[in-house]
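Every chain is named by a letter (A, B, C and D) in the order it is written, and numbering of its residues begins at 1.
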Amino acid sequence: MPASMPMWPRPWLPPAETEGIVAQLKQMAGAVVTAPLGWAARAIDPPLRLWQRLTGTGGMAAFFLLPNMAIFGVFVLLPLVINFAYSMTTGGALFLSDREYVGAAQYAQLLDCDDYTDPSTCAQDQFWTALANTALFVVLQVSLLIVTATITALILNRELRARSFWRAVFFFPVLLSPVVVGLIWRWILQRDGLLNAMIIPMGLDPVNWLIERNWAFAAAIGVTIWAHLGFYALILLAGLQAIPKDLYEAAEMDGTKPGRVFWRITLPLLMPNLLVVIVLALIRAVQVFDEAFVLTGGGPGTATLFLTQYIYEVGFASLLKNPGLAAAASILMGAVLVVLTLIQLAISRRNEKKGKLK
Amino acid sequence: MIPTMKRTMTALAALGFGMMTSAAWAGDVRVMWYSDGVEGEVIADLLNRFMEQNPDINVILDNVAYKVVQEQLQIQLEAGTGPDIARVTNLKALASHWLDLTPHLQDPAYWEANFGDYADWMREDGSTAINGFLTQLTLTGGFANKTLFEQAGVAIPGDDATWDDWIAAASEVQASQQTAAAFAIDRSGHRISGPNASYGANYIGPDRAPLPVDAGTKAFAEKLVAWTNDGKMLKDTWVSASGSTYRAAADDFINAAIPFYYSGSWQVANLSTKIGDGFDWVATGSPCGTAGCSGLGGGAGLVAIKYTQNPEDVAKVMEYLGSAAVVKEFSERTLFLPAHKGVASAGGLAWASEDPNVGPALDKFVEASGDIVPAAAALPAWKWGSAYYGALANRISQVMAGELTLDDAYARIDADVAEAVAAAGGN
Amino acid sequence: MSRVSAFLFRRRGGKGWHWTDVVTFGWLFFGVIVMFGPALWLIMSSFKSPAQLAEFPPTALPYESRTVVVEGYDKPLPLFIVTDEAGTRTLAEVRRVGTTAQMVDPANSGEIQRVNIANRVPDRQVGFAWDNYVQPFLAFDFMLYLKNSVFVTVVATLITLLTNSMAAFALSKYEFRGRNAVMLTVLATLMIPLSVILVPLYSIISAVGLFNSLWGVILPTVATPTGIFLLRQYMLTIPDELLEAARMDHASEWQIYWRIVLPLTAPALAVLGIFSVVWRWNDFLWPLIVLSRKEVYTLQVGLNTYAGELNVQWHFILAMTVVTMIPVVIVFLFLQRFITTGIAGSGLK
Amino acid sequence: MGQISLKGIKKSFGAVDVLKGIDLEVGDGELVVFVGPSGCGKSTLLRMIAGLDQPTAGTIAINGTDVTPRSAADRGLAMVFQSYALYPHMSVRQNMAFGLQNTRMARAEIDARIADAARLLEIEPLLERRPGQLSGGQRQRVAIGRAIVRRPTAFLLDEPLSNLDAELRVSMRAELSALHARLGATMVHVTHDQVEAMTMADRIVVLRAGRIEQVDTPLNLYNRPANLFVAGFIGAPGMNMFGATMARGVARLEGGPEIDLGGLPLPPSGAVTLGIRPQHLLLSEGVEADLTAKVDLIEALGSETVVHATLNEGAKLLAVLPGQPALARGDVVGFDVDPAMVHAFGADGVRLAGF
């Protein structure tokens, strides 16, 4: 046998659970659903074979992409393009043809500030306030979310009884609609809400949680974490479970302290998942809207007014709508998001490369 | 021209999508309706009765959230779609979309006579069209928790008491009864515009363009901010939101957290249901300022929409709903003040409530409607009203939250209103 | 209860308590309170009457006043517990005048007693305001809205799964020109919030005549970049040899997608399916904008008709919110174990 | 019928030329093994025959028909993959039926073919199992079964045994050979393992860096390697190679002894490489040994003994001696060379004429 026995890839097998899932899904969907689906899939095969013969794989790629991209183009891309056009126009009219072209005037209006460090010197002071609030929110919310999600994942990864129950406990709020989340917490936190009712008997002074600026901001952060924690904890949990157990056993043999195990083994191996979580959390944080809107309505004052709410109110919700200004604001916001996209891309590229090397 | 093209396009697209859209059939009349309380059920009853009498007309009642009327209806109308009839509060700003019912009505004179006083609230400036009628007349005004006042041993201020008198009295109650605050006003520019007018404010310039914030508005705004800062005015309501979001303080009044509450006549039914036997309450009318003791009128109007396919049927529905007997029954059952001159002047409305607080309260509002000062009376028929109200609520609450000074706020209000006017095309 | 907690808290190792165990159970306990507490409270509150909802301090359980039928009075009278210098007793209130209540002893209905209202508290018992649930079912076209919601959720989810998986298949298993451009576009739009493109999207919907149609709700939501991203990441882990084996087996590209790749993507499809169901079921803002005719209302939109200009009928909203949560919770309970597997396998690692 | 003919096949990935012009004829019923080190292009060549990759230049014909433009599905070939590529979500039976269903074959015929193949491969009890529930050897059989039921023009096997452990590999090797004998079908087998190639092939194609080095029967390759590469690649342990300089008909090993290779058709002068297989070195009985070396390491395998030794001049030498000769580390031993068993290659690495 040659000395340089190459490292052949192990035969690929899906995760053990896959087969169970397929069987389960089949059972659940039942013949009623699968039979017509299967029939339809068979029926379109002959024409597709012809198409494949005529156009080759390039044509097939087009075929597979077409339905999604058609819908995507009409209902996602086109609105974005129209939005860009809106940002160059003024007036309250809905159709572009009825709107007056003003060039970059809306952008000029948004960017018109005497002193960029002080929103109150800007023509659109609330846009800048919203921008500053959003930035602060993103930084605080994402970092806190990452920490709590990591702790939760670490704890759920321990050898617990009824692990799926605990998992469900933390995941459950992900199922609630953002409106419901906002409503529940508003009731808990308002002046005559549940929280104050609970702390008064403890001898504490009631706090007007949603009226004190800092508390309201903290509430917006806390409630959004409450709502999303489970999702991110699950992604991290998946990463933790993929870390080979023998690494921990080796560390235990070496007498490594738990803290050191975490920093030197767990964290580095969790990094790919952690990066995904950070990027997703960043995107969601920049988009923060529903929960915060229902919870604080942007108050007190404008302490929790975020960009999306500003855009929604200016362009849609107020009685005198100004879609042009809102569109311009959303394009500026988009510019920020593109930067985040590039980060996301870089990360996923790096992960793909890593995957290939393995 | 352009709207026609658009509708052709829409129709073509609808064909393309086959039966996906439920196109309106001839003989169908769609009513978009929002409810604050029981009026949705009452109108459904009335419409069912109408359909029994007119089997050829099918009236479909779409109950929607107020948000839909407020935010989406305008866009539907812009697109040349929408219901046939809608219950709307933003009457003046959308006036260009309403249908002139005059040629379709059997007796336009009846409408002119009974609803004519408020016709300007919903038609374009200078028009003589009949677009619909007010389902209810509302008037802003105060409510006092009589029981709290009695327990505190404070006399309820009289009819000519000023705002300062009222707040002083309510503060005594606050101190004695340990309530959260002395009073609250709903978070709405509309709500403070009556009091502003009582201090001499006027928003409307000679050319019907908005005027800058004047001394009257400033006088009341300063008081509001001062009252908020020293804890007399419930901070939550105004400070707890940004923008022009509406927030009511009714729950705080119901909960006896405030002895005095400035809201409006529409709250009567709500207060009656929720307070029940909890305490006694009275309507107080509007406290006085230096220029009067004015509230602000308002109301929700039921209007016909000009994109309807069958205006004749729409007119029939409107005639039925606007008839004196129906208006009377509607008002009695919903505890709303009727905007029908004949019904209002005839009096003798049998309010459908056993609550002893309800009758006197409604009577008080009718009485207080005589105190509306001209500057306030002109507001409902003014197209920039919503813009002005929105800016007031938005900016004054920022002052209360400590984000702006009053002077900055005034400048911002003027700028916001000017911007809104400019964005709307300035016409 | 203690057996449950013994089961939940028993450690597998069975050794002594390490500080990490304390942290673990502290965190889990905290989690149960903070995560479940609010939902539990929502459910309890949905059984409260409007007056009780406005009450402070709020009670944990819904209560209703005890009433009694007293001779000489037509209607049942509410009972109060009165405590004053004459001692503590239960009286029925006839009427209240200012700060004084006129009360009678149910056993001795002849004599009217005058009691200061500060001295009485209502005699209440736990009682559920089922009316909050019953009324909307009667007045509100619940079954119709349910049908619409189910239609939107099921159809949108099926279309999402089909179109997204097809696109993900092309993007993960074919080399073609423009692939990176497509992927870039998909990723870039991953973060455009709907609230930002409401107005232009609305103008498109109304131009193509999908206004007031359930398809107007479905179509803009199905081309989710998230779904493509998730599925593509998963499909990248399926070895190309399987596809080649199928090609050698005389399978067409469509068959490869349908019979090989799709079944193997099941865990990721399950994840996307669950999220799609949850998202579409809970969708609120967009349906509210598109749907303004009651025949096409979804539950979330129908629910919102209880929010008026000046007043919001919370008791109905709460009750119906609880009802609308049920299907999502059921879906979750059935599919929850797939979520971890799916996330684990979907290339998110 | 299963003739495959390759003409001028070239393949480039970007600037990298993986195959540099391959011409080959595979006869009907023949078992041809492609062998070579990793990266030699053997798998690429197989994938091009299969239709999974397209050649950059050249044509592929099956039974005289040019199939170059045809897709994999339409070439009528079957392939067994290194990872077996069994569909994990299908049972063994479904795995085998899949390809037949795609050709719209009647159900009864499908069942019959699966039953035949299962009996042949002794996997009948496994038919309802999923690949995940099978051992490596069982998966291997299923993968072959999936190919058999197709009754293909030719079988293509891409390192099918490399994922098996050593013992299983030996028995599967024998089974595959037996199967080939029974089916009489054309098979093209790719492996990096020369033992596998030697034991199974009718003919072996030795590839290196995108070129064919030699095509011949296993024994011819062993006995008459065409060049240094083939000589070194075929046979285990590898051939001893000695650089030598010819002078007056005598070969002088680099810096060392001279060996008299009288009678061999060696060139009178110049540099040559001499190759002697370890098995062809004999312990010298007399005093006059051809080569003298010091023993470094002894691997006693019982039936034979592998001796690692160093020539006086420092060159390493490997000898496989029969039986269990009494040797110890440090012994100095002499080896005799049978001139008939010596391979000689010119400076260009090509076997010298006459050998």
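Note that in this section a contact is a pair of C-beta atoms (placed from the backbone, for glycine too) under 8 Å apart; a residue touches a chain by one contact, two chains touch by 3 or more.
The structure presented is a predicted model; accordingly, all values stated were derived computationally and were not measured.
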Touching both chain A and chain D (chains): C
Of B-C and C-D, pair with higher C-beta contact tally: B-C
Greatest separation from chain B - chain, by CA centre: D
Chain C and chain D, separation of their C-alpha mean positions in angstrom: 64
Cα-centroid distance, chain B relative to chain C, in whole angstrom: 32
Euclidean distance of C-alpha centroids - chain A vs chain C, Å: 19
Inter-centroid spacing, chain B versus chain A (mean Cα positions, whole Å): 39
Two or more partner chains touched - positions in chain D: 82-83, 88-89
In chain C, residues with contacts to at least two other chains: 56, 199, 202-203, 206, 208, 239, 241-242, 252, 255, 263-264, 266
Numbers and ranges of chain A residues touching at least 2 other chains: 12, 14, 18, 22, 94-95, 192, 309, 316, 321
Partner chain B, residues of chain C touching it in the complex: 50-51, 54-56, 78, 93, 96, 98-99, 117-118, 139, 199, 202-203, 206-215, 288-289, 292-296, 301, 304-311, 313
Touch list for chain C against partner chain A, complex: 7-13, 20, 23-24, 27-28, 31-32, 34-36, 38-39, 41-42, 45, 56-58, 162-164, 166-167, 169-171, 174, 176, 179, 182, 184-193, 195-204, 206, 208, 219-220, 222-223, 225, 228, 233, 236, 238-239, 241-242, 252-255, 257-258, 263-264, 266-267, 270, 278, 281-285, 300, 321, 325, 328-329, 332, 334, 336-341, 343-345, 348-349
Touching residues (chain side chain C, partner chain D) in the complex: 239, 241-242, 244-252, 255, 259-260, 263-264, 266
List of chain D residues in touch with chain C within their complex: 47, 50-52, 71-74, 77-79, 81-83, 85-89, 98-99, 102-103, 146, 150
Contact set on chain B toward chain A in their complex: 2, 6, 70-71, 74-75, 78-79, 90, 93, 180, 235-236, 239-245, 247, 252, 255, 257, 386-387, 390, 397-398, 400-404, 408, 412, 415, 419-420, 422-425
